[in-house]
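Order of writing sets the labels: A, B, C, D, E and F. Residues in every chain begin at 1.
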């Protein structure tokens, strides 16, 4: 299931996209066979394997409260990037960036699920970057949403759950200002040179779940922020459409 | 140096503030004697000791480029909080939250300093929470700005620097939606119950350095976001005024 | 590039193979775009992404000796397995099994390369298991050989190397005794129930690089060992043929 | 609550004290608001925040024995010292010195408390050095004693304890030989240059709890040891007086 | 209890042994007093202290299954080797080599014991190398077998066990190819220069428990492998004889 | 080389010694072959292998200052004790007790050596407890002194050093109060039940290097301290005599 970005050869973006174009997005379900949900999500050359595992227990602080939990972990294969990075397992700890991202993924997906309807279960999301070209955290959230839907679907199909705990879909996209222009879904080249980088997580109904903007160079103005939020909202509408289409494929 | 919040006894906020009131803010310079900059910042009952240490070297990736660096670390004393937390040094690692916050402080302060005017020096900021009552990261950034100014002032006074590398002041404040109302500078009680929590770092000129918003419960709307951004901008104007007054005291 | 195992529906093996059949093997080159060599190897449902990265330096103990080095790391995605495993990066250390396997992969591939013809370069191999169904270490070695060949090919194409440092191909296969019968290339079900498990790494000329046999239940006899070695040799001849075919595709 | 050291301008000590003078000592109770006991102790320019937290459980080896426990942790803020030290939480482990000191603090305070009268509770002491100028471990013990008294006082006031478990006060002081003369309560300059350094923990009744002496240069004689012990005993009498006065303030 | 190797002064081996000679082997029981089994094993200048400790519990995955477990740990004293090695406890982790060896020792000894006859007990083996001269892992296995026999003997003597859970003895030896000749029980000099190194663990009845062969230089042939296996089998027959003699001493 | 304690069968001590008797002490030199100094020291049933390794470099903080350094590490074999302890290398860190002891050993031995006469070399001491029965730290110091003397002797014999850097011998002993009586050189049973435990390190000339006393139960008096110091001084005179005799053997 994928979209078809319009190619405008004479546009300013390095890969020929218009400012408001997403990259080619695909969501390949059942990519691996063991996980309850397993989705290879591709935002252009950024490829992330998102799995959702179901465990029949909850962390200690929730035990006995008749509700579930959802948590996420994130990693990059050492050579998913242009130069090889150290393997975090070998270094013996996860970087601050890794922890920041996996906490974001967890918060984003918890906004999609009514944990009180999950029973005493934990949904464990793993987002592992196979190939990186910018936007790995937003691809992870967008792909993990589909993996969660598949895992929840199996719980319903097996009779373990009666009511669907998914209350709304969430998706995420990055948006930035490059050469003074707002552009959607930055690839690595754009990400490295942009003045401002904003990651937005929204629900299918248009509510904000997370807004994280950073001025890489000069501070950004309220007008730039507004332009980026408009662009992100439009991108997320398209991403949710693709998530739902993938689930019906 | 401190402000005087207007107390409106019949307002909705637990401590009697109006929605747009900051807590009582104070910035006590030269709190300890060894650091080049040492500021105890207090946002109400949140007390953070911010020091800025000058080291005459830069990390490997910047060596020989005739520029400086600025980095930050953050910690909480184990009993700065309501219940005692484990000591991170004893557990053998910093939590994801700690790393997230110290990365934010570093990015925020790097926006204040022209690193190319610093020489091959590193400014090391330490923000240690002595007592926590909500908003420790925004108090840290606001206090660290003054500690950096003091450390830079000593470099200029000693002749080590000729030109002032501080290009603009930055300050930070939290803002949230509690019971449907936008409130500024949340304390712990408000932070625990708010629907949305937004941390904003801005420059003295009104530009955004960081915007980090999270829906704790339901997603938030564009209107709520706009209201929070307006409130934050006003709070930061006041905080920068207090920073500058403290430096002239 | 893949082989075509003969399916014998009434054979004893769970997936219908004859005792001497390999699983369906495929070697997909250029699977990711950043690594100098990048091969997705599949032994049936066991899928391992093998990359070979070239770094222009050697470890300290080899510096200044005008020779190269080759080293390997191994990991499993948390949900590559039937039940989710803990992420090693999150636990803060690699298991003994992981270290055992990555040391084996490194030794095996060093037997393929004349390090004195590599210049002061390190070939860093990463084998990451995307989906596991038994035999991940033998698939890793077999796939990494092709990734090394691709990385070396680029060094030659770019003129960085004049002489090919690959002196011989190596491949690896597991062999075991299940219900008293020698079987080749065990999948997970067979691996879990076999009496004896032998991993063999051989060169294309039929020499042994590594032989690692373990009696899981009762000790095994010299006759069983001989039968397993015969079977492995035949399997490796086929694997080297597939490696070479993949490289010519 | 503080003492008033007699200043003898022409004495040999860098800060004008006589050999037998303590530095200015103060014990500021209720320094932070969350801990059951919270004391900022100052021995001259050495400032340590000592908190005592009450937890309603005991370590595993004491469970079910109807008695309590007391344990201590110690840390230094990175820029409490003349040059910035690495943050132990960031390095991922506590130094040997840190562990040595926190074990000493724990043993010292356990001598003050009858653990069989505490119920199944743990008193957790945290001593965090805000500013260091020599003698941080002796200041920690002296301040922690007051924090323990405050925490125990709250347990009695709330009715959780009927009988006071404090059997005697303890305090600690350092003593050394500088230029052949015994001096009490060394500051950092004296500590760095002294020939011998002795830390003494005593009870209010004059019994020894800990005696730790180290020859920094040449070995020290029995006569020097006797002189140091005499001096320490006198200093501790004064410190216990100050502890009790602080608790009555 | 020791053997007497025939000394052939004009043989090729550095210490005058014939190719098929073991080094002088001794097994000194009750070397330390606390462990249930405590054996100092010496293979020439390789000295390893092997203890077997009995604990009255099993790991979680075996609880309630009415069977026992056996596990092993291995270490080298820092100056057991020619140059001092870093202490693993100080470095904060065990090397891959250490983990590989302790996993091997555990698997080898589990082949000697019928765990279902042990009750819910764990036999914990510790093999600590006091002096290293090659073959520490094979000496460890050979010595640990005797320590296990002693520990089991005490369980039987005390009435804790009625039936002997030892089903067969195991021993281990290294064998290699040096200058084209198969030699048994390599010392460090031979180990460093050999073309091929094979470690073999066998039962007293001649069955294989582990076979681990590595080509250090060129690959080795089937003929060389056969020669090494023959030599190992003969060596192990002698080692088992020495184990049994030691236990009757 | 060993002493002969007088056995007084009707004395109060569990092993028949008089209060002022040392245990049987032996110092076996050249216990292992690789270390420059290697001494198995035995204080009764406490056996510690002490090695001294010479390295031709110094830590960074001493580089270029034309002086040497001496440092020590300490460990216990897991089953050196009555119940098996966790292996520190497997747990991934050294305990506070271990660090306390190895710091003590280092300080004690640095008092014996004139580091300015050592050249840019480091003496690395390793004290590994093979069997523990109380007093492992004092046995370690006493044995390490002899290992240092042997290592220094080799440097002189080889011409690497001309002048002997050993300025005085040091030895250590424990002393305690058991049932109100001062006893020398406590074994484990006495150590576990004593009221007070004092470890003393002295030079051959009777100077104190370290005095570390801890009240295990009630505080101890000045009279008890004096009695213990007298007893320790007498024990150390005997230990230095045994050290020197061992070196002449």
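Heads up, the rule we're going with is that contacts are C-beta pairs under 8 Å (C-beta built on N, C-alpha and C of every residue); 3 or more make two chains touch, one makes a residue touch a chain.
These figures come from a predicted structure and were not determined experimentally.
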**Asked** Steps needed, at minimum, to get from chain D to chain E via touching chains?
**Response** 2
**If a chain touches chain A and chain D alike, it appears here** = B
**Most widely separated chain from chain A, with each centre as the mean of CA atoms** = F
**Request:** Report, in degrees rounded to the nearest 5, the angle of the rotation taking chain B onto chain F when the C-alpha atoms are fitted.
**Result:** 120
**Prompt:** So how far apart, in whole Å, are chain D and chain F when each is placed at the average of its C-alpha atoms?
**Reply:** 29
**Computed distance of Cα centres, chain D from chain B, in Å** = 33
**Request:** For chain B and chain C, let me know how many angstrom lie between their CA-based centres, rounded off.
**Result:** 52
**Request:** State, to the nearest whole Å, the distance from the C-alpha centre of chain B to the C-alpha centre of chain E.
**Result:** 60
**Prompt:** Residue numbers in chain E touching 2 or more other chains?
**Reply:** 92-93
**Sequence of chains encountered when the ring is traversed from chain A in the direction of chain C** = A, C, E, F, D, B
**Complete:** As the complex stands, chain F meets chain E at residues 32-35, 38, 45, 47, 49, 51, 53, 55, 73, 75, 77-82, 84, 87-90, 92-94, 98, 124, 126, 128, 130-132
**Prompt:** Mind pulling up the chain C residues that touch chain E in the complex?
**Reply:** 93, 96-97, 99-100, 102-103, 107, 111, 168, 198, 202-203, 205-215, 218-222, 225, 229
